[in-house]
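First chain A sits with chain B, and in the next complex the same chain sits with chain C.
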Partner chain A sequence: MKRPGGILSGIVAIAVSAVVFLVPFAFIFLTASKTRAESALLEFSLPTEWAIWENLVAVVEARDYMLLTAFVNSTILTVASIAIMVVFAAMVGYVMQRRPNRWTPLLNALVLAGLIIPPAVVPTIWVLQRLGLYATLGGLILIEVAFGLSFCVLLFRAFVATIPREVDEAAIIDGAGPVRLFFQVVLPLLRSVIVTVVIVQAVAVFNDFQNPLYFLPGDENATVQLTLYNFRSQFTTQWNLLFMDILLITVPPLIMYAFFNRQIVAGLTSGAVKG
Partner chain B sequence: MTTTVLRPPRTRRRDPRSHYPMWFYLPAAAVYGTLFVVPTVASFYFAFTRWSIAGSEFIGLENFVLFFQEPYLLRGLINTVVYGALTSGLKVVLGLLLGVYLTSQIIARSYLRSVVFFPVLVSTVGVGVTFSVLMDPAEGLINRVLEVLGVAGPGWLTDPSLALVSVALVDVWKGVGLATLIYIAGIVAIPQEYFEAARVDGATRVQNLRYVILPLLWPATSTVIILSLIGGLRSFDLIWTMTRGGPGFTSDVIASVIFKQYQAGFWGLSAAGNVVLFLLVSALMVPLYWGLSRREVER
Partner chain C sequence: MFSIHRPPGPARVAGAAAAAAATLALTACGSSGGDDGTLTILVDNTEATVDSVQALADAYTAANPDTEIDLELRPGGSEGDNIVKTRLQTGDMPDLFFYNSGSLLQALAPEQNLVDLSGEPFMDAVAETFQEGVRSDDRVFGVPVGNAVGGGVLYNLPAYEDLGLEVPRTWDEFTANNQAILDAGDAAPVIQTYGPDSTWTSQLFVLADNYNVLAAEPDFAERYTANEAHYADTPAAMAGFEHLQEVNEAGFLNEDFASASYADGLAALASGEGVHYPMLTNAITELRATDPDALDDIGFFALPGEDPDDVGVTTWLPGALYLPQTTDDQAAAEDFLAFAASVEGCDAQTEAVGVTGPYFIDGCTIPEDVPPGVAQLQEYFDAGLTAPALEFLSPVKGPALEQITVEVGSGIRSAEDAAALYDEDVKKQAQQLGLEGW
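On to the complex of A and B.
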């Protein structure tokens, strides 16, 4: 399919992609490297004086090391909610696939509802308050689990279908009970889909803004996304620090992407082809 | 799933299903039920109440009447539909074109795929803040470039008639990579015989796209439409960080109305917003889901 114009159109495509997709990221990096006065000009230019380290220190120290607290909070939130989500969703997907009964259509509808229906905000706060979980990290972890379960169940159920039942039967003959059968035989076989789920959900939870905003108010509880929101009102004249914060928040997904490119792509396109 | 049906009945020495205990549902059901199902059901009650710190009082349909009478609430409803339609429409068109382009024999293909996809993973708030700077009417990079080209750039986020569209464009910038990815997966799965047959028949590139690729990509298209509509109709993060529903309330969507009413202490009205959004999403998604899957079967 190589055509004579191929090289030229390729170069045009690279140039267009650079302008559309790379310039915004370059802008973030360059502004984050400038001094305060220069960053206020909001120009797309190389800094005359590189202040990247000073800005980094200033952002980290701002508001009594709020950013460090936020990174700790976000890490706990992401790790805990995903660990719970994976185990709970795998259990559901496994039993749903292996033991269909007349309730299965209803369960399917519930799972789809979780994907489609936007969560009701104030009533959720009301429930959290009743449980004493409002404005606690634990509460937000469970919220992320509840909202993320549907996606995970769908992936797990589809993947369990590819594991032959003979595997279960062999383990049962060897005397494995239901718990051992699942945790020691089936769960390890789900490894590849677990990796996919973990990465896709980790990015989603780490980048989540709306749920922490509603369910985890308060500076000491801030997640990284909220620091950006808070700094924005504080740093109205310090664009260098604001963009340094954006830069720091963008780094974890970038690292994820660099390492797990293939799994992310697999996770996000699963089901797309089969419909 | 069908294997169980097709198999001959097992020997009933021990019920084989007991190896898949029902209590495996319990942990997930507890979390999901308490924090998703209960609030969703409760929203249908609270939507009919005047609810604030002082308590809740049943007032019937008043909140919903307000939603369709108050211009700023009605505007939010209309904007939600516009935003959802605009973002998913653009994602389908651009995603398809990019998908076709990025599966053809071109140079730097994997670089281009990565670049188009990466914004999907980046923080929405970060993108929102960055673009609200880039779209600044006087000092923003976009308008400065336009000025050099001799075009007077509009007030992307300050012009009431443009703000919502500008945010939708940024949403497309951030989300088109996912649509592209889904289309790439769909195109790669098309058997080569179809293209060979089309070539034998002397199909042009456009005919190839129109009569071979597009019909075979219905599953991918329906996935893109459904995913981007689900995301677009409940979109909050980007709108809130870029315009906060402004100027005035011209770029408010239901999700931002819900937040504003919550902050103002009108919890009943906020819950009514959730119910309106629920009904809107269901009214759009159910026929869409049905229609798209039927189309697939007919093919």
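On to the complex of A and C.
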């Protein structure tokens, strides 16, 4: 195993990934520390005058502390829609895999339709207005769930197929009802695919720009991605503040990753071996 | 602020047009103010717009303490167009909104969506030139915010001084100047910027040439709208495309024109690496923010044409505040519009953001100590040598002009070919608007 070529290629791989991930991050950090005039040059250089604290204050205070509201909104949005997606998609995937009947092809077609058919903005707003959900966080959560659910159902359905039926049968013989069977026996076994779904969908929902833009208007409803538009417009851009905003938005997911690193990697690899 | 930028994509336009045909039975709900004394105004996120409207709002609330005014920001460009259309169609537009005048306004179907202001007394103070840009039939819809903008050439004053050049009055003189700058070898004669998010800057040679087009063909706009005149068969109109081709072929462009951005272009102009930058004068606002010391080095002249005795500038109208029919606070909103159309309104804007050109409100003046570029623009206005850009005279403006002008400026497509292609491009839009003769 200990070939020198292997060690060399390992070092090269580490160096390449460091360049690919750290250089852009360094660029964000440096630009976020510059004054406005200097940042407009968009150069990869150390700032001649460090303005990191001024920029931080300016970004947080912009438009009446919009960024703080936005962080609260984005957190609620991401957590709530992920929770709903995981539970519902696991239920649907489980039932569709375990109990195929003559409706299953139709249901499969509907799941696929959810992936294929693009959303239309104006009719969706009409529906939300009739339901009284337009411009509310609840309405946007439902939209995110609707757009993400199909993908999750497919993942769960494929994964449930790898769990032996005998596990279900043993639980039923031991006296578990359907609710208990699902929540106490099956759901824990789905752990690795749940981790996958949480990561993929959390990134998608947290980074979503277009849906909040159209379905959740109003400053008090902003999500973090929308705050980027405070500093970037068609003719003029405050690059230093824009990059500071990007830095602030990037940090929470990064901290989360640092904390849950082990679970995430364990979840992904256990899925890979079983899959 | 100006429809010179990214036009809406064809598919989205089709959707919005279909929705426009369908709708408007919906009642207002959502974020509009109600009777709680709060006015909400939707504005685009351009710094100059936000600051101007905020200045108006602050001055207004100082005089009317029981009214509160909230600004809501939206992106600009085609995304902003979609948001405005979406919110009008769904009845969710706030009490007032800021949007372009001219052809982009016409695309909102103003007579179905906006309140007619032609009977309001405060509209008497709004200049007739501006009212033309926000008119549909005999109805008038908007109150201007901001200054008139000129389209022409921003140039580096020290470079002109060093080389002993004079402001050109014809295209040939302009070419001679460019050649002199090229021979001197220190700077690129003409800056072009086709980089990311900056392709709209390529349209200036064509759009800012409208004064010269109208000087040669006074009825071009009417005949163009009626599908009787086109770019390809009107030599004066095609000149814009030809000029762009010429500067490329003569090697006048900066080396990095294909990848440079608008900000790069302004930086090059300010530092003297480039001498001419065909641009709108609202670039002065950007320069004031990024490099205020450079303002004294930047001059402005109109895009030169054929006739040395008739040199004038093509102007863009500023955007305006509009009153959607779905507002439930119409009296308060109209009172605010009346303030925006008053001399106090202009003064509040001047104090907050400075000026880049004349106002369109009667009685408004601009201060004496303006940057040289603004003063030079003002001279054209004082002499009456202005003509509106084509987009304020005709609703026909194709979505692909900037792609076509990038091709011409990069030497990929010839001027004749480009003019013909653009004539083809506007057909779709004219048909969507249901104009006669298309």
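Following the convention adopted for this analysis, the second predicted complex is superposed on the first by the 215 of 275 C-alpha atoms of A that agree within 3 Å, B and C clash if a C-alpha of one lies under 4 Å from a C-alpha of the other, contacts with A are read in each partner's own complex, and residues count from 1 in each chain.
FYI, a contact is a pair of C-beta atoms (placed from the backbone, for glycine too) under 8 Å apart; a residue touches a chain by one contact, two chains touch by 3 or more.
Keep in mind that what you see is a predicted model, and the values were worked out from it rather than measured.
Peer 1: According to the stated criteria, A:108 is in contact with first (chain B), second (chain C), both, or neither; which is it?
Peer 2: neither
Peer 1: Applying the touch criterion given at the start, work out whether A:17 contacts chain B, chain C, both or neither, answering first, second, both or neither.
Peer 2: So A:17 only meets chain B here.
Peer 1: Which of the two partners, first being chain B and second being chain C, lies in contact with A:63: first, second, both, or neither?
Peer 2: Second partner only.
Peer 1: Quick one: is A:230 in contact with chain B, with chain C, with both, or with neither? Answer first, second, both or neither.
Peer 2: Only chain C; A:230 stays clear of chain B.
Peer 1: Which partner, once the models are overlaid, touches more of chain A's residues, chain C or chain B?
Peer 2: Between chain B and chain C, the winner on chain A residue contacts is B.
Peer 1: Once chain A of both complexes is superposed, is A:75 in touch with chain B (first), chain C (second), both, or neither?
Peer 2: So A:75 meets neither chain B nor chain C here.
Peer 1: Please work out whether A:42 is in contact with chain B alone, chain C alone, both, or neither, and reply first, second, both or neither.
Peer 2: Both partners.
Peer 1: Kindly classify A:121 by the partners it touches after superposition: chain B alone (first), chain C alone (second), both, or neither?
Peer 2: A:121: touches chain B and chain C.
Peer 1: Which chain A residues come up in both lists, the one for chain B and the one for chain C?
Peer 2: Residues 41-42, 120-122, 126, 213-214, 229, 232 of chain A touch both chain B and chain C.
Peer 1: What part of chain B is in contact with chain A in the complex they form?
Peer 2: Per the touch definition, chain B meets chain A at residues 1, 3-4, 16-22, 24-25, 27-29, 31-32, 34-40, 42-43, 46, 51, 101, 104-108, 111-112, 114-127, 129-131, 133-134, 136, 139-141, 173, 178, 181-182, 184-186, 189, 218-220, 222-223, 230, 233-234, 236-237, 240-241, 255, 258-259, 262, 267, 270-271, 274-275, 277-278, 281-282, 285, 293, 296.
Peer 1: Of all residues in chain A, which touch chain B in the complex?
Peer 2: Per the stated touch rule, the residues are 1-2, 6-7, 9-11, 13-14, 17-18, 20-24, 27-28, 41-44, 84, 87-89, 91-92, 94-95, 97-100, 107, 110, 114-124, 126-128, 131, 142-143, 145-147, 149, 153, 161, 165, 168, 172, 178, 181-182, 203, 206-207, 209-210, 213-214, 224-225, 228-229, 232, 239, 242-243, 246, 249-250, 253-254, 256-257, 261, 264-265, 268-269, 271-275.
Peer 1: Spell out the residues on chain A that touch chain C in their complex, using ranges where they run on.
Peer 2: Residue positions touching the partner: 36-37, 40-42, 63, 120-122, 125-126, 129, 134-135, 213-214, 217-219, 229-230, 232-238.
Peer 1: For chain C, which residues are in contact with chain A within the complex?
Peer 2: 1, 5-6, 15, 19, 26, 29-31, 44-48, 70-77, 79, 82-83, 86-87, 89-92, 197, 262-263, 267, 282-283, 285-286, 289-291
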